[in-house]
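Can you keep this structure in mind? I'll have questions shortly.
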Amino acid sequence: MKTVVVRNIKRADAALVKRLGVLGTATVHEAYGRFGLMKPYLRPIWAGGEAAGPAVTVLAQPGDNWMIHVAVEQCKPGYMLVVGCTADNTDGMFGELLATSLKARGVVGLIIDAGCRDIKPLHEMRFPVWSKAVSAKGTVKATLGAVNVPVVCAGINVTPGDVVVADDDGVVVIPAKDAADVAAKAEKRFADEDGKRKKLAEGALGLDMYNMREPLAKAGLVYVDNPEDV
Amino acid sequence: MKTVVVRNIKRADAALVKRLGVLGTATVHEAYGRFGLMKPYLRPIWAGGEAAGPAVTVLAQPGDNWMIHVAVEQCKPGYMLVVGCTADNTDGMFGELLATSLKARGVVGLIIDAGCRDIKPLHEMRFPVWSKAVSAKGTVKATLGAVNVPVVCAGINVTPGDVVVADDDGVVVIPAKDAADVAAKAEKRFADEDGKRKKLAEGALGLDMYNMREPLAKAGLVYVDNPEDV
Amino acid sequence: MKTVVVRNIKRADAALVKRLGVLGTATVHEAYGRFGLMKPYLRPIWAGGEAAGPAVTVLAQPGDNWMIHVAVEQCKPGYMLVVGCTADNTDGMFGELLATSLKARGVVGLIIDAGCRDIKPLHEMRFPVWSKAVSAKGTVKATLGAVNVPVVCAGINVTPGDVVVADDDGVVVIPAKDAADVAAKAEKRFADEDGKRKKLAEGALGLDMYNMREPLAKAGLVYVDNPEDV
Amino acid sequence: MKTVVVRNIKRADAALVKRLGVLGTATVHEAYGRFGLMKPYLRPIWAGGEAAGPAVTVLAQPGDNWMIHVAVEQCKPGYMLVVGCTADNTDGMFGELLATSLKARGVVGLIIDAGCRDIKPLHEMRFPVWSKAVSAKGTVKATLGAVNVPVVCAGINVTPGDVVVADDDGVVVIPAKDAADVAAKAEKRFADEDGKRKKLAEGALGLDMYNMREPLAKAGLVYVDNPEDV
Amino acid sequence: MKTVVVRNIKRADAALVKRLGVLGTATVHEAYGRFGLMKPYLRPIWAGGEAAGPAVTVLAQPGDNWMIHVAVEQCKPGYMLVVGCTADNTDGMFGELLATSLKARGVVGLIIDAGCRDIKPLHEMRFPVWSKAVSAKGTVKATLGAVNVPVVCAGINVTPGDVVVADDDGVVVIPAKDAADVAAKAEKRFADEDGKRKKLAEGALGLDMYNMREPLAKAGLVYVDNPEDV
Amino acid sequence: MKTVVVRNIKRADAALVKRLGVLGTATVHEAYGRFGLMKPYLRPIWAGGEAAGPAVTVLAQPGDNWMIHVAVEQCKPGYMLVVGCTADNTDGMFGELLATSLKARGVVGLIIDAGCRDIKPLHEMRFPVWSKAVSAKGTVKATLGAVNVPVVCAGINVTPGDVVVADDDGVVVIPAKDAADVAAKAEKRFADEDGKRKKLAEGALGLDMYNMREPLAKAGLVYVDNPEDV
């Protein structure tokens, strides 16, 4: 594999990114046919953070954050940094200094398939990070990786420029070419949910609202009155 | 196994449920002889939530929340919904819409041996959930399970109507027939602890308060003055 | 192995402990050559807690907190209690009553390679605990271990009197004999970081600030303009 | 919970047990509607072992094998011993001496939701064990549990007398009352598979044999000739 | 995402596949710059199996093996089937019948980021499988995925036609375009190792053979005679 | 921490090592009061291997095997190499070439709290390894650690010269100063077990042989005839 930095990437349209970010991961993931969700072991380091942006990608070696330093230069306002790793690792590859640098360049958040440290200052800076672990373990700067090549992060292949949407429910990735279609579907879904929410709050049953009774009976579901009847 | 819904269950007495809920999981679990505790991988999706109620149970297939929709109809005010799964799964089987529906029916909380999503709105609604994971992963409605049959959830077999008590320390399940006995023992234990807390705060040692010195010596514990004496 | 309690331990100097505590785990761990960090599965039971102190150590059997009761008597103001276990265990070996007792003796925090319970009251008391799990599971008092002998806790061998520093990023242990040297190096590091933080906030790149461009080129890093050039 | 030993249990018919054992876990589990399978973390301690029998059940405390000694007396020829635990544990609760004792009583195998030791002699004795871990860690005999009450083992609630079938694919549990029905269905399934195996070996496609093409098309599956067409 | 089957894929040259297969995963992975290795949780279901081939890829839903049936038709002699999953899953998605079908088509092995069953017959057939788990858990055929699109499997993005090499050490994936270059480098590495092996067997030290003494001293390594000198 | 190599270590007596090796891990661990056992995630890379020897210790950085090369020179006939790591890691730090080198020096086995590769040739060489993982992932030689200082490996602190005993049941470590005492106790235990084995094989019950009936009754164990009596 080439240890390379790609300077120019094709990023998803900023307006689309904004629309997807507003909708949140659960709705966007459903609209994309239930694909694109990173593994749930990625958790926000502080609750309530939300971010969306086109991805700048990093392929790093475990315990080595050299390529994150390289990637900072490739970041532009509104981007999300996405860091994959060539092997499982929980070391604290990212902390306050790198966050300060990313913030200065307008980066809106970090997704890292490894550890993160300086949780308290990162929370105070309101810089959102989704990581696999929290660990004070420091890292070396010894081995090359790559920047802005496709990388696997928490089970999803991320191509530079893909739209990354992250919130308390997780992280979802939408390829740039699908962003418009997914945004439209997700907005429709969101609008539909609003009506459903009201009906359910008033006591309607999903069984009726979604017309489930017939398919359930057809699948063989049986109702009995008492435990002894089972 | 029958894919069945049982309509009528025998639930623990409401007054007993209330008494057990006030005492909390640690005390209730001890009073029950240190049995009945679900595995500690179940965690509250937001800190500080507390709930207790008789169980409505669901046996679901992984990645499929069809039976949860079926179960909603069987819920009554004050109940807790308990969802077990036929295989390990972290998908987000439960979210805001189902919580809205449960809340409309007076359900006080959810225990799910799988994933949960819509963490933020669930927190805002103050609907407490104990789950194995947080995940935006959507689910299908394709395969039957059962409602109100005994289900294993996080290592504990839950019979419909059992008392479920949940707080920041975990989730404990007391069979309906044992609830009165456990409540009485737990209240006694709670009262005893109050006195102990005061003594300990004033500097008393557990070694003396619990008369441990003699059994420790008998078991062979030796005191030495310095590391070199070991 | 001897089931023994050692009464007198050589503890790190209180002033050194204070200096190390102020610097935090990430800085101290780096200053110690990136050694001494406990495994990141140890997490604070509530966010924002910080503590530092010389270690009183406990070697406990899984599911048995007898030796913690024994250890309380050996604790003095300013100490940290460190509990290792002879096998993996998540039971709630520690809770409100023991915390009340420790607080009465001036202990500043607990590190336990097992579970903890009574999360809510411990948070209200502001007693900081770093544990492997939260679990209401009660424990027995049946088998001896040892107090104030070297114990392995979350992957680190802790000798009684070692300095333990803990915060949201994890737990680091510095041998008493190295504390002065590490404190000096960590303070220097901290001072240096302050200047770097300012420069990075103003837009400087780590690539330039750390003179990375030359070693990166030497290691073989290549820049290309477009994805097609890879 | 009562710390009790139940002397007489209703066991599944021996002929049924034999029929189910011959069919193996995968077929039996399918015939039971894909229920009853223990979690896959249970693994045989040596490859190729197979066993089936009615369950004698043990509820043990972690790190304590006292109740296994109690259970031996309740075992009869052809039985399987099933050990659940009140908390996660990997200690070596079972080894050569207990296996010698069980073998003397005609027990055909052990399922244990904890650790096992003496792997080599157990293999030489051809005594099959399915366990969660291999560990030399010894255990105490200090706390009561129960024998022949329903216990949860690796995610499945086992009632004494249930049929347990175990092989290299895992462990499945069939309630005594369902054994005849499941055996009949499983035998039919097995016979059907034989014909399918032959056809597939001759090159038939499952797509055709199972008539999948139409439902796939209906569900929306599209065929394209080249990657560029996606 | 499109639920699609791509019929024609560009596969790596058969001669290259053969050369890479002979070299084994450790050597190939090193020759590719230490990239391309799937996560080590993928294990062979029987020891000693080895396979190499161009990938036919499947993206499956958890607990659903419908798309594997679809993929069989796209397989040709010499291929490897690679199955990724949209969420973590250990269900037994693959067994004897599918293996019979694959074998009839000349497929040389299976890599699956999920569970596998029928371990014994698969071993007897000498059909090699690398899986995440062994589980008898059966699966449904309910939800579409895709065949011959890029899929992430155990942390690596696999493009149809990539060379997959698997043995007891794990599974490595080399993009078709890099196969010739990697094969050449790996063969050179292999030849070098042969000479080294002989020297080491005769007692030569790696320290001398790899000229490590100088860089070690430069990095600060110190030799002392006795523990007290540390 | 000093990055240092200690040349001379005090090793346990060879005759004692031999006696302990013959007894095996389970017996030795019991004789040492149930202390000293490494975590059960360490598994032999091939079944049936057994080894015992005084420890040469290595503290390595994750993904970096430089210090193992350094340690080879410090090994003498009969030694065991024990490798701890500063952070969790599964990379293949050890393989055929290093084993060839160790074998040439008379080393009898390796314990490594990380990954191992070249499983097949290591098995063919009959070189026994207990590791945390099998992984083809190659490692760098970039960062110093230490040789022959105390290291934590899989939860146990190992001092150079300690006796390490390893077999299919796991790995146990006995401090050199305790070796004679433990060997004597373990031999007594072994002799006792022989008699017990015979009695149990003839049908004696552990309940009687260990006089458990009285303490069980005293602890409150109750026998009932039927499930309805519980």
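Each chain gets a letter, A, B, C, D, E and F, in the order it is written, and its residues are counted from 1.
Convention: contacts are C-beta pairs under 8 Å (C-beta built on N, C-alpha and C of every residue); 3 or more make two chains touch, one makes a residue touch a chain.
Nothing here was measured: the structure is a model prediction, and the numbers come from that model.
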| item | value |
| --- | --- |
| Chains in simultaneous contact with subunit D and subunit E | B, F |
| Subunit D and subunit C - chains in contact with each | B, F |
| Greatest separation from subunit A - chain, by CA centre | F |
| Farthest-lying chain, centroid of Cα atoms versus that of subunit D | C |
| Distance from subunit F to subunit A - Cα centre to Cα centre, in angstrom | 42 |
| Euclidean distance of C-alpha centroids - subunit E vs subunit F, Å | 30 |
| Overlap residues in subunit D, where contacts from two or more other chains coincide | 3, 34, 37, 61, 86-88, 90, 135, 137, 143 |
| Pairs of chains found to touch, sorted by chain label | A-B, A-C, A-E, A-F, B-C, B-D, B-E, C-D, C-F, D-E, D-F, E-F |
| Subunit E residues within the subunit F interface of the complex | 25-26, 29-30, 34, 37, 40, 43, 47-48, 167-170, 172, 193, 196-197, 200-207, 210, 212, 216, 219-227, 229-230 |
| Subunit C residues within the subunit B interface of the complex | 2-10, 66, 69-70, 72-73, 90, 92, 95-98, 100-101, 103-105, 115, 117-120, 133-138, 141, 143-144, 148-149, 160 |
| Interface residues, subunit C side, partner subunit F - complex | 1, 3, 32-37, 39, 59, 61, 86-88, 150, 152, 155-157, 178 |
| Subunit F contact footprint on subunit A (complex, rising order) | 61-63, 86-91, 135, 137, 140, 142-143 |
